[in-house]
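The following pair of complexes shares a single chain, chain A, combined with chain B in the former and chain C in the latter.
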Partner chain A sequence: MWKRLFKIAVAVFLFLTLAVGCWQGTGAINSKSNQDKDVNEITLCESWGFEDGFPTVFTPGQNSNYQAAYYLANFYETLVNYQEGKIVPGLAESWSVSDNGLVYTFTLKKGVKFSDGADFNAAVVKKNLEMLPILLGDYKGSYENFSIFFKEAKIVDEHIVEVHLTSPYYGTLQDFAKPMPMGIMSPNAFNEDGTLSDKLLTQSMGTGPYMSEGQSGGNIYTFVRNPNYWGEKPYVDKFNVKVIPDNEAKALALRNGEIDMIFGSAKISYDGFKEFLEDRRYGAKTSDENVKTRFLGFNLEKEPFNDKKVRLAVSHVIDKQSICTSLFYGIETKADNLLSKSLPYCNIELEPYEHDVEKAKQLLETSGWTDSDGDGIREKAGKKLGGEILYQTGNSVDHDLVLTLVSSLKEIGMEIKVTGLDLLAWYAEIQEGNYTMAYVKTYGLPFDPYTTIANMNSDPLMDNSLAQGFAHVKDGNSIIKGLASLVDESEIQDKYDFILKELHSNVSFVPISYMKELVVFDTEKIADYQFNDQPPNVDVAGIKLK
Partner chain B sequence: MLRYISNRLIGLIIVLIGVTVLTFIFSNISTVDPAEAFARRNILNPTPMQIEELREEMGLNLPVYRQYFHWMGESMKGNLGISLLTKNPVSADIAKKMPATLSIVGMAFFWIVVITLPISILSAVKQNGVFDHVARVITIFGISMPNFWLGFIMLIAFAVVVPIFNVVDYGNFKSIILPSLTLAIPVISSSIRLFRATILLNMNKDFVTYAKARGISKTNIIWKHILKNSLPPMITLMCQNLGYMIAGSAIVESVFSWPGIGSHLVEAIVGRDLPTINGCVLVIAVIFVLSNLFADVVNIMLNPKILNEQGEF
Partner chain C sequence: MVKEILKNKQAVIGLIMMFIVAFIAVFAPFIAVNNPEEISPAQKFARFSGRYPLGADQLGRCIFSRLIYGARYSLGIAIPVLLILAVISTFLGTVSAYIGGRFDRIFSIFCDIFMAFPPLLVVLSLVGALGQGILNIMIAVIFSMWVWFARVIRSYVLMEKKKGYVTASKIVGCSDIQIITRHIIPNILPAFIVYFSTGVAGIILMISGFSFLGLGIEAGVPEWGAMLSSAKPYLYSRPLLLIYPGIFILFTAAGFNLFGEALRDIISPEGG
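Take a look at the complex of A and B:
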């Protein structure tokens, strides 16, 4: 028997050794040992790989998730850029807009080349713009609205291009500043029929400071300087992106020196960020710019939140300042407006609903909600005051915040159930209207304020958590739709004034805090990081080395 | 023997049909519409029209039983469909991810055999001695520790505090050690307890008393008699563990940034990638049942009397 067992064991062991041996051929990568000392090289991390390559136009047909989307600004440039709420020159030195808002004329920078050697000129811009609606297909308007209104692009001369729209759209220039899908790709990135070349699966073909060098074994992507880059040379010569799905593992990899930086609030918990902030070996920074707003939305068709006084009571009972200080460690700031004042058209003074528990209680009393049986929960006509908060699971900060909100609401006699669902189940419930209260975040830069406002239109219904907030306004949908085609800046501003004031006075939403982008880095290697003007974009050119 | 194996294989097919039917039913019970899920993942603002188009494209507008038969028919031909997330054939994705998982599971298997056998034997022989007590306490810890926690403790200890290993490493022999140990420790702990108990049980059997009476040395009794009779349940357990480890490798893979089948399946579940979920479940189920069959065959090879007992001869 032992001989047989021994034979089986030897066979299994030999097979395993063979399998492991063959598999070792994929090559091992260790960033610590692999880095060349003469090259300024750093290593970042990402939760997923870039299997779908580096096009600037992503559709479900080509891509599985946003993959390289937040890295595109390193490889591609846009005609204009967004900076502190304003549009500034990018690949276009200057531009003008016709009085009817239908023609945008861009004067392009001269002497710019793509990383593959092709020249940047009006013909390339025309090609990119013409292919955009075709590449997006049914998904036009998913990431920007420009492609819906695009009519044609005309070459005026080698460096001047005219872009014609079928109808004016007030967010056109903001759309032009989005690396995805408006980053300009080399003419070689397209096949003859206009579809995207397979070369983009491994190469980036833009005018930005870096380009892709390829993927090495063990899911590491490497990027090097674009030798044709026209601008000032950034500090970093070469950077790697390691795929590390787990956030705790990312933090450990930074501590052990395998990576030099963790970028983005999605990749590090606030507790983790605070630990690094207190450790002098590491730099921990937040963006100045607000990135998104956390807020509570209500189902205005369901009791008890169809009553404005109840919503107002909720608004008064939440102590936003203490949430920001204690729960968010001061990383986030208190939000009184749904859309941050730093966003275009959103600098509107609104009188905040300050933290005032007594006032909240009073509001409920006047609305007829009283605690008649002394159980701490208010009732009206035999019904208990309560409901549920739907939130997306997967993030411990969100979970803690929702629990804090529930305990605050309990203080005024409101019994709220917490229902956590994964992202997709959460959307399904919200769209069906199966909720009373929802914990939501705005779309964030660069989609705020345009997409957030546009989705308050309920026909077609894109996002019920937003559409509910404006549903009470007569002709609300046509107001939102009409806004898109306005040309006159003061008219646009007037509409924004109306919409934002209406949302505020109706207490359609309870803004809680403004989120920031985060970055943590090893100060032995990196001296500082300057956030991109659109902070969620990873911007390696913003890294200053020691 | 061949008849036994063919009978078992027929049984396995029924099990596999059951598993796939259940997977289909559970996927369809979910409140999340896979077409909408797909659209939400890929488009910031999908319109109901876009979602409807996707549903038709993906064949999700058909009744569940038709989807199932279509999928079943195709998978018979070796076509498990196209992944909604990666756009690659599901079988190609599985083939790409499987070696990574098999390497840690294989290594974990090696640890299990190498560590379980000596410790259990020693614990049983020195029953209630110091070694036995220490082993018992450690195995209780091993069973109770969640995999992800153990993984992080390993990483902190051996990659950060004492930097022998890398936190993120893949593609070399060194990189397999920590994840495979993490996967193996809970299994080792439970196996030690089971094997020790089986050995102790056999120690009190008549054949041991008889062997002692024949004057056979203690070492010989343990190695030639007790162990031989204690092995069958261990072999079954080990082979079952092989299936469990492949299915349960997701957490360990996530902690060690390991691109294997477990994390691939979890991604597919989160993204409601039905073809990948069905494909992975099918493959894992096949491995699971085949490893059980393998366990039975090995047991029969070691002790052909089992077949006689089952009335097969």
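Take a look at the complex of A and C:
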């Protein structure tokens, strides 16, 4: 009797659990489809939440991750924009630069309002610029160099503002195009003492097409159209960002309709991307523009890579084309220049070091490296030809690439170990010079080429993996420093020609491939996505709905 | 004893499984069809074929050959670790229990302190300090595990110490070293073998677990745990990449466990 009762109780319990599960499931779907009828709403995903709100300045001192940095272009606008290597108008209709490069005069757009209702004018720009060095604190110069040279901002009239620098800086306008940290915030975003208002924790206060509506359910952030937006209305009325830390879970969420889009190469593997690309129900796109360069850097002070012939041999043995086709499924393209030709000042013809294993072997022979004991590894004066590649752990594509490089180097009798470290340990080892080779990526748009070139200066040493590459040039540091304050465009170009050619002829780096930005979306809802001019920025206004 | 083992089905199954894994490990170069570390990007995810009996992984490496060589890493790490653990813990555990008194109390406190740290934490910090490398992971595992083994030995010795034969040997004038090596250790040996043979499985799982987390084993080494870890991104698209090393780990650990437990039943049936 009791046994039977128990069985019935278990059955009822199981049935109830099932019913509750199903009921919740359909409830969620119903609520989603109801919303769909009224407004054009889509859902994106991110690996972390936006607990630090929506200011335009995020620093490692205060924030543990990038927070909303890649979403800022939806809420904030900059005085100028970057488009295919050129600077185009943004919140400033036009601008002029004084002959000595010290004064930038911006004529601002009229009739622009912030999402909180405040007016956009010269006083707001002045306030934003004056607060920038304070908000950046110790990280002044980390995301831009403008704040280092900034002297003062003067209001000429309500819509004209003059920005004075202490010394000319050739990347000033490029800096002005970075949503982080140069997006213009409403005057209400600041407290009276200049610190940021707590309102920014839940609200965005910019002139961009969208604004934050707050957080719901703990892990969903909702954004709606900015009613005061001056420009063309974007397709999407409302978008949500759901926090899903794991990349596999993100792909699954897209498959089961929980989200409509995965944005960014950090959130989807190439294998995942390829699967979606082959599936008709999904759209998968890569940016036209190159975003970053993957490259190998050498420690030029250590054997055996202090020998140019050895570096050249490494350059010739790596089959970049095959890496791009098989490992990267053709998503990335072969890189011969450290900085992509599409970047400002970087369109320079260099003769590539093509894949040629025989030539690589020959180079090593002439340099005295021979395999005398027949173990497949070359020696010279009793020393084996080898070293290590330091790389950052955590990304499976990086891991696979490094192993492929090592296997190519073995072909020419080089014994290379791989050492994977987490970001901070990796950086520390490189700064200390405890490496022979390092697998690195450039900073990417919009930091290339300015920051990448600037960090080739070794005093102060910001990035040893870059500084090593230019250390052989006499007065190298003063050349890099001098470049920053040049005004004449042709002089700047000459300096770039010199630097990039020198890096190439010295084989300071082995560029491998140019990375692209990725996006995958559900074609039932989204027709297309137009990448932002700075492709790493998530740009909801670029989404076209069905 | 051998007869008893052969009579026990569980022990025979375990023994056969252990033998298979050991055979694979020893004869890996003859069984494997390819070099397990050879990368050929063009063969990425190649299908089953004569050249690649279980296909190729994301770097075009032969999965079958990697699994075969993986046995060398699992056993090649677990068994030396176990032997060293056995020597260290037997020495310390026996000496501490035999001397007794204040020395034993201090040793116990010391053990308690060590046992308060989870092995994962100890290994994490040691690998962090020593760096990656098979030798370092072995040191780290020994360092984090010796105390658990030493404690067990200590309690066995404590039990034996009180028995009549030890007192008898003392009376006839045997030296302490003679008593320990000739009388106590031979008497605790069966229990000791059982404890260590079940420990092998634990250590194999532990090493695979650490290399899954990226601790200790260098990139590219065909260790089963590391293979599981590098196959993680293909969980949905190519689940077999995860299933194969999983089966090998399961098979090896199960073999050692089955044998160890059967041995325990044979040697000390009352404790079962």
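To be clear about the criterion, the second predicted complex is superposed on the first by the 507 of 546 C-alpha atoms of A that agree within 3 Å, B and C clash if a C-alpha of one lies under 4 Å from a C-alpha of the other, contacts with A are read in each partner's own complex, and residues count from 1 in each chain.
We adopt the following convention: a contact is a pair of C-beta atoms (placed from the backbone, for glycine too) under 8 Å apart; a residue touches a chain by one contact, two chains touch by 3 or more.
All values derive from a computational prediction rather than experimental measurement.
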Mind working out whether A:I323 is in touch with chain B, chain C, both or neither, as first, second, both or neither?
-> second
Answer with first, second, both or neither: which of chain B and chain C does A:V418 touch in the superposed model?
-> second
Between chain B and chain C, which makes contact with more of the residues in chain A?
-> B
Please indicate which partner A:G141 is in contact with in the superposed arrangement: first for chain B, second for chain C, both, or neither.
-> first
Scan A:V243 for contacts with chain B and chain C and give back first, second, both or neither.
-> first
Kindly classify A:H399 by the partners it touches after superposition: chain B alone (first), chain C alone (second), both, or neither?
-> second
Examine A:K154 and indicate which partner it touches, taking first as chain B and second as chain C; both and neither are also allowed.
-> neither
Answer with first, second, both or neither: which of chain B and chain C does A:L252 touch in the superposed model?
-> both
Indicate the residue numbers of chain A shared between its chain B interface and its chain C interface, in ascending order.
-> 248, 252
Could you please specify the touching residues of chain A with respect to chain C in the complex?
-> 247-248, 251-252, 269, 271-272, 275, 322-323, 326-327, 393, 396, 399-400, 402-404, 406-407, 417-420
Residue ranges of chain B in contact with chain A within the complex | 30-33, 36-50, 53-54, 84-87, 99-100, 102-103, 106-107, 109-110, 113, 152, 155-156, 159-160, 163, 166-173, 175-176, 228, 231, 254-257, 259, 263, 270-272, 298, 301-303
In the complex, go through chain C and note every residue touching chain A.
-> 37-39, 41-42, 44, 58-60, 131-132, 214, 218-220, 230, 232-237
Of all residues in chain A, those that touch chain B in their complex = 1, 4-5, 8-9, 12-13, 16, 19-20, 23-24, 26-30, 32, 45, 51-52, 58-65, 138-139, 141-143, 217-219, 242-246, 248-249, 252-253, 255-256, 258-259, 422-425, 427-429, 431, 443, 447, 451, 454-455, 460-463
